[in-house]
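Note that the chains take the letters A, B, C, D and E in the order they are written out, and that residue 1 is the start of every chain.
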Amino acid sequence: MNLGSYVALSAALFLIGVFGALTRRNIIGILMAIELMFNAANINLAAFNRYLHPGGIIGQTLALFIISIAAAEVVVGLSLVLAIYRNTDTVYVEDYNLLKG
Amino acid sequence: MLEHVYLIPLIPLFASLVILLGFKEDPHSPAPYLGLAAMGWCLLQAVSIFWGVAGGRIVLPYEASINWFPLATEVAGKAFSYQMPIGVLIDGPAAVMLVVVTLVSFLVQLYSLGYMHGDSRFRRYYAFLSFFTASMLGLVVSNNLLVTFMCWELVGVSSYLLIGFWFEKPGPAYASKKAFMTTKLGDCGLYLALLFIFTKVGSFQIDQVREFATRGYFGMGAATAIGFGLLCGCAGKSAQWPLFIWLPDAMEGPTPVSALIHAATMVAAGIYLIAKTYFIFLAAPIAMEAVAWIGLITAFLAASMALVSYDIKRVLAFSTVSQLGFMMCALGAGGYTAGLFHLTTHAFFKGLLFLGAGSVIHAVHTNDMRSMGGLSKKMPITFLTMLAATLAISGVWPFAGYFSKDMILESVYHHSPVMFYLLTAAALMTAFYMFRLISMTFLGPDRDHEKHHHAHESPLVMTVPLMVLGLLSVVAGAALAHDGFVERLLSFPMPQTPGPEFPRALGLGVSALVLCSLALSWFLYGRGDFSIAEAVKKRFSAVFNVLEGRYYFDQLFLGLVAVADGAAKLAFWIDARVIDQTFVDGWGLLMRVFSELSALFDGLFIDRTVDGFGGLSSDLGTGLRALVADGQVQEYLLYAAIAVSLATIFILSR
Amino acid sequence: MLEQIVFYSLAALITASALMVVTARNTVHSALFLGLCLAGVGGIFALLGADFLFAGQIMVYVGGIAVLIMFVVMLLGRASDLHLRQMNKQWAAALLVCAASLAGFWKIVRMAGGALATAPVKPTTGPLGLIMMGDYALPFELVSLVLTGALLGAIFFSRSEKSQ
Amino acid sequence: MSNLHLLSPELALGGMALGLMVADLFVAAKHGRLLYHLGWLVSILALVMVGYTISNSAAGQGVGSLWAVDPMSQFFKMLILLTTVLCLLMGLEYKDLPPAHAGTFVCLLLFSAVGMMLLVSSVDLLLTFVALELISLTSFILAGFERRNHKSNEGSVKYFLFGAFSSAIMAYGISLFYGATGTTRLVGVGHDGGPMFLLGLLMILLGFCFKASIAPMHFWVPDAYEGAPTPVTAFLSLAPKIATLGAMVRLFTVLLPASAFNLTTLFVVLAAATMTVGNFTAFFQNNVKRLLAYSSIAQAGYILIGIASGNTIGTEGVLLYSFVYVAMNIGAFAVAQSVASRSDGAGAYDLEAFNGLARRSFGLALAMAFFLLSLSGIPPLAGFIGKFYIFSAAVQSGHMGLAVIAVINSVVSVYYYMRVVYHMFFKPAADETPLAVGPFLYGGLAIAMAGILAFGVYPEPLVASVQASAQYLP
Amino acid sequence: MNMLSLVTFIPLAGALLVLALPKERVKAIQATALASAGASLALSIALIPLFNRGSADMQFVERLSWIPSMDIHYVLGVDGLSFPLLLLTTFISFIALIGSLGIKERVKEYFFWFLVLEVGMLGVFEALDLVLFYVFWELCLVPMYFLIGIWGGPRKEFAAIKFFLYTLAGSVFMLLAILAVYFNTAPHTFDMIALMKAHSAWSLKFQILVFLGFYLAFAIKIPAFPFHTWLPLAHVEAPTAVSVILAAVLLKMGLYGLLRVCYEMLPLGFHWFLPFLIAIAVINIVYGALCAMAQTDMKKMVAYSSVNHMGYCLLGVAGVSAIGFSGAVLQMINHGIITGSLFLLVGVIYDRAHTRDISAFGGLAARVPIYAGLMFLACFASLGLPGLAGFVSEFMCFLGGFAQWKIYTAISVLGVLATAAFFLRMMEKVFLGPLNNKWAGLSDMSARELCSIVPLTVLTIAFGVWPKLALAFINTTAVQMAGLFK
């Protein structure tokens, strides 16, 4: 198995995530898409660590950090969603258009 | 006496300031006596100088000056500091002019005591008069061309103020502006000439410029340019063709003012200036010739216009213009002495004519000669003095005008016989219209009984000046011409030019023709029966219309004014609509360009995308066009994603 | 060979489920596919010999985040959502942007190209623990601060108004 | 783990923040203000510690495994702490912050400050990323702190989504960077400048751009700023931006100089685009907070010139401008807050609300005018010195075009700044009751005002200290 | 010996004092303002005997360290070019303050801004460090913005922002030019005296670019065609005293800069630009006069006449000779005095009649003789009547221009004619002719108004009769300047 495949997989995942973030109407959907992007980064890190820099484990460490931070982000995001849902009764971002101009 | 000659202009100036600042406005103000006293002092001083010159006790020229301000300059690569000396230069013409100006001023001020009596702005009138005299005297005595020019402008302003003295009436207000602007038009040329002179010479002092010119340093081109510039100024000030239009209108001012400024002194300043800068014209034959021709044209045209006018002051105004043309022509033809001589005598008899006309107007309260007639019995002094002046201006022997006019014709004949004949025609017309004036005013039956009834001889303060001037009109010519005095006094060293000698017989012939012209005039207008004159007028109505329309030069100038106004409007339109819009709203333009760029971006990039995929509503495009206006977070994300894709595209090149 | 079979099936799983995450109409389905996808990524980690990462991925992502998301989706979801379009109007532009990025990513993939693993797979848990307590102790602690902050925020936002 | 003691101010601040969190449990809701006071006292304590490290550079400065504590980082830390103090003072006077959550608010603000302080010291991408995330997450929460305000919610959600998106991009960038170099440590990177490295770097740059509100990652700014409580807006417009720019200076002029990868042009374009977008969009704003938001985008663009120039003067310019930017921007927000404090609900921050301020409180109006003029770079206010320095950097590095764009922009900016002045001075007020300013806000205003006036008229101490601070250790 | 600093900063002290006074104490505020401006005036007059007229060097030089880390120093000094302008500034400021005593609204703010403005103007003429110069230059902007914007006419806000943006747009380019100069000097320096000697190292291309940067700032301030359109609006909308300051002092800053910076520091660039400069001068003269002719608003007419008069100054400058330079400087002084009094006089009639429309009046000379007299005097001085201040300086400018540019100067003379035309027309329509009965109740000038105008009138006559009064200061410097680049 060569590195290119992993990188290609990661790129695909990343772009799918980007596409989802740009197109999902639901905030949670966007959040999920962003998680995909984080995972793409993690695949990269693990793959590079294995193939290019097998001497250390910095790649994996980084991935670990990213996982935990993504978790924190999801927590904050979901609580925000809850708060705003309570106020506005919607999870569709188009409806958030008080602020413009 | 001569070392205090600088007092001559300064005293009236001082008097004028004192009158203006020190006295209250009051119809019975004592201020005029101050002005009169100042003038008297100047007159005494001027006469004593003249007497000294005549008696040979004073050697001319006399010059004295002080430094005015430093002017760091550079001429022909040599830098130096010009100290701008200003002061007095008394030579023959100046000595004569001093007497003429102070005398006429004094007499006019005396006369005005009666004429302007009771005017609500009596004090101001005298202040202005004194101010004028001061400026005029300054012009006469100055040894510095810049100061001459300054005084030149100041007499212009005095003239402006005095023409518009009765400013409540729209006529004087307009006429004063017209006079100022027309002369200012000419002054532009003078201004340039001065600039040119200084650039060449590095000095404004007349003797230095003269030295420079006589050595031929100017060069033909420069001298010609300067000469034309000077001529331009002089044509404006001395009301020469085509700038003479202002003088007839200037008659809106009080009549003594007309006598002083627009007959005797200020209008002569142009002639005087040409005489003062004669060396430049000698170096520029083309300019010299132009002087002669302009003088000739003026003399002829103005005389012809005087033939048909019924306003007594207008006739005199045209006459003045015509006579100034004579002088100009003489100077241009090389008759330096003749021109200045005529200037002197003309000052006396034309001043007299105006003052006399003023006396008549004072009596009948009208300017229209058709409402006059038969005043000779009511106003004998006025009649007699004016008659003397008329004969003088017509050039009848032995009156003053004869000598000077004869001299002019002589020098013009010497220059060019063609010019002589034309000038003679003008002289004949002069005799005709002057006697027409006398005839219509004083002779024949009275045509307006009421006016005639109320008419009476003027008070002594007004008639005394008439008599003095009348006397001078009779004797001045002969006295000055006696024993070649005038040639000694008013001469300019110049090379003899070849030309035909003036035959004596021709002179006699002219005199005879003048008498015939007088007679014809009497025949047409003097017998109280205008039928023949009317018939002639009907027969040649086209000619008369042109003459009464003053050859339509006024219209020409009004057209010029209209053009200037149009240019002004255009300029302002450009300013407000084009330049302002461009440069200030270029601001707005910047904004517009920016928004259009973003619209372009949408059009090129987004809309294409949208179209390419088809079936999508245009929401996306409009959303983007507003850039961020819509507040849609996924649009923001889209831009971020675009940035990412740009980054990936960017690395393709590496 | 086995490695390749595993990789390609995992890759197919990940890609397909990721696509479902971003396209599914039903958000609950999206969340389920997200779990699947994350598990697939965990598989990749395992394939790459990152054992601790594999464990972390399964526990934190699949076991924590995906479940949490599912929970919130269920909490906020409505039946009506099923009939709503879940994709907005700018999908075409988004597709274009992603396609434009492909070229650059492809260059990188080509660059990474045929590099092959040289070293044998080693257990990583021990070294990871060492590095966390060593050089990366500060970021490690900082992450705790991040999580505390997130917690504070979560409490703040989700505490009901009445409790004030 | 070497030299952890260098970070004692950060550690102390973090510890004290956690202490505050605990203390919150024991403080009754109605005494919430106490926590603000504790918060700014704590910050000042940290400020003193940072000051100590500056004055005692031998003991206080050095290089650790992931961090470098040098004059430049300490300068930024002081700025960050100063901003924190001022924003807490503003928060004391802000009526819409629930006192019951004072502990959370102060705690998050201090967490954020810790993140920023670490960010400017970081020489490792991992630490940078974690610090950035700490800043981001706390910022998201702070922006949404008016829970019941829909605008605040909305701003926060948008901020969050954009932030999460860009951190994902940045994470991916870090992964590529790691792939290309095999390390996250930025000191002595054996970079190859290849596509993978470059794409990684660019994606990391995008993450930075998001935090520093540099185009094209600036779109969240106006929404988040408008929605957030004003003290938070002031904080967000300053501290994260300055910290990020500080980190960018370190990264792109020292560790991996942009010029080494021919990226200078990119920075020039970014700077030009940022200030142009900020200024031209601010043109049409009728809400003062939004206007100041766009203005802050533009200001980021100016600061970026310093980085684009890549010379010493540029670096010094970034420091100098950051300093004056803190003073003038916080002043402007403080005035906006006190004007809005009198009115409720919608329109409190509209330009109309500023009508006739000169009559209601001449001092306040004059102060606002000075802040705005300083923002537009009119001498003799401190903003001028900042711009002067930045522009000289551009001129010295030969980026004349950029300099011209910058000066045109500063002319454009005058127009919208003066719109506020126009409303304050030229328009009559609807209600002419004098406006009172609370003591703490007043104190903050006085500090900011003194800063822009004193350093505008006599900038020498500031310039000298900036020149002394523009030094790096690694 | 820090007289110049005192002259400059006494008004600032006054401004701060005004700021400290409660706004109800109008009298105290006015007294403070007058006292500080008066003290500044008195001090500057006290400098006259100390000024060495025979030297072209900078005098009363003060050199303090300001921002040594950036090579910026606080250097003040005056020479024959700036000293007369300094005197003009203190004098006109004082006069304008007297003219401002009629302000009733927001007095405190007014005098505060006014005094700050004076500081800026004084500083511009004294500063010998480019950054200091720039700081003072910009310092004039903000007070002016407020003075126009608060106390101005109907379109004051627009006029104020237009003025602000327009001038700022120019001056920011000056800032870039300053920086460019700094970085291209061998030891980097902002010191103007040093820079005047540094230009030989600069290439023509560099000089041209830098020149254009500076020129844009100065041209807008002068205002030189086509950057003059802010002026009429600003003048019309500004309150009387501010118009006076604007015309009398602010415009001079542009010309001063042109001479001090563009000419003395960038001779090659200046010479390259000369053909354009002379064309601009002529356009300013003729076009300005034509635009003035088209005006019906007296104030706007006077404003355009300023454009025209600045054209004379430019003409003198374009002559690049001692005469031209001293003429230009003298013309600046005289224009300040004359146009100052014109604006004050227009303000007087506006205060009474609340209109400035030329055709709305008629025959006022009979009703208000003193006013009419002063107005006539000012108008005649402005159109260059000999014996009044305008003539000599105008003539010197023409002399300077003529030596170099015969045709251009000849065209410019038409401008003189047009100037006369519009002033005469204005005088005719307003003062002459039958009295418009609407104004039968008009009162003549009050003592306060006389107090502000008569000093100007006296100076108008004094400088006309004895120009040496002013020329004595200017000449040496002008000669030295003309000799710089032979």
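Rule of thumb we're sticking to: contacts are C-beta pairs under 8 Å (C-beta built on N, C-alpha and C of every residue); 3 or more make two chains touch, one makes a residue touch a chain.
Every value quoted in this text rests on a predicted model; they were computed, and no experiment measured them.
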Chains touching both subunit B and subunit D, listed by label: A, C, E
Dominant interface by contact count, named by its two chains: A-C
Maximum centroid distance from subunit B, chain identifier (CA atoms): C
Nearest-to-centre chain - CA centroid comparison: E
For subunit B paired with subunit C, centre-to-centre distance based on mean C-alpha positions, whole Å: 99
Whole-Å gap between the CA centroids of subunit C and subunit D: 31
Where subunit C and subunit E are represented by their mean Cα positions, the distance between them in whole Å: 71
Separation of mean Cα positions, subunit E and subunit A [Å, integer]: 65
Sequence positions of subunit E contacting 2 or more other chains: 165
Shared-contact residues (touching 2 or more other chains) in subunit D: 126, 130, 133, 137, 140-141, 144, 147-148, 157-158, 161, 165, 169, 176, 179, 194-195, 199, 222-223, 408, 415
Numbers and ranges of subunit A residues touching at least 2 other chains: 7, 14, 17-18, 21-23, 30-31, 42, 47, 49, 52, 55, 58, 61, 65, 69, 72-73, 76, 80-81, 83, 93-94, 96-101
Touch relationships between chains, expressed as pairs: A-B, A-C, A-D, B-C, B-D, B-E, C-D, D-E
Contacting residues of subunit A [partner subunit D, same complex]: 7, 10, 14, 17, 21, 27, 30-31, 34, 37-38, 40-42, 44-45, 47-49, 52-53, 55-56, 58-59, 61-62, 65-66, 69, 72-73, 76-77, 80-81, 83-84, 87-88, 93, 96-101
Subunit B partner contacts - residues on subunit D that touch it in the complex: 157-158, 161-162, 165-166, 169, 193-195, 198-199, 202-203, 206, 209-210, 216-217, 219-220, 222-223, 266, 276, 280-281, 283, 408, 412, 415
Residues of subunit D touching subunit C in the complex: 1, 4, 7, 14, 18, 21, 29, 65-67, 98, 100-101, 104, 107-108, 111, 114-115, 118, 124, 126-127, 130-131, 133-134, 137-138, 140-141, 144-145, 147-148, 176, 179, 194-196, 199
List of subunit B residues in touch with subunit A within their complex: 628-634, 637-638, 641, 644
Of all residues in subunit B, those that touch subunit E in their complex: 25, 68-74, 79, 81, 146, 149-151, 153-154, 157, 164, 167-170, 172-174, 176-177, 180-181, 184-185, 188, 191-192, 195-196, 198-199, 564-565, 567-572, 575-576, 579-580, 582-584, 587
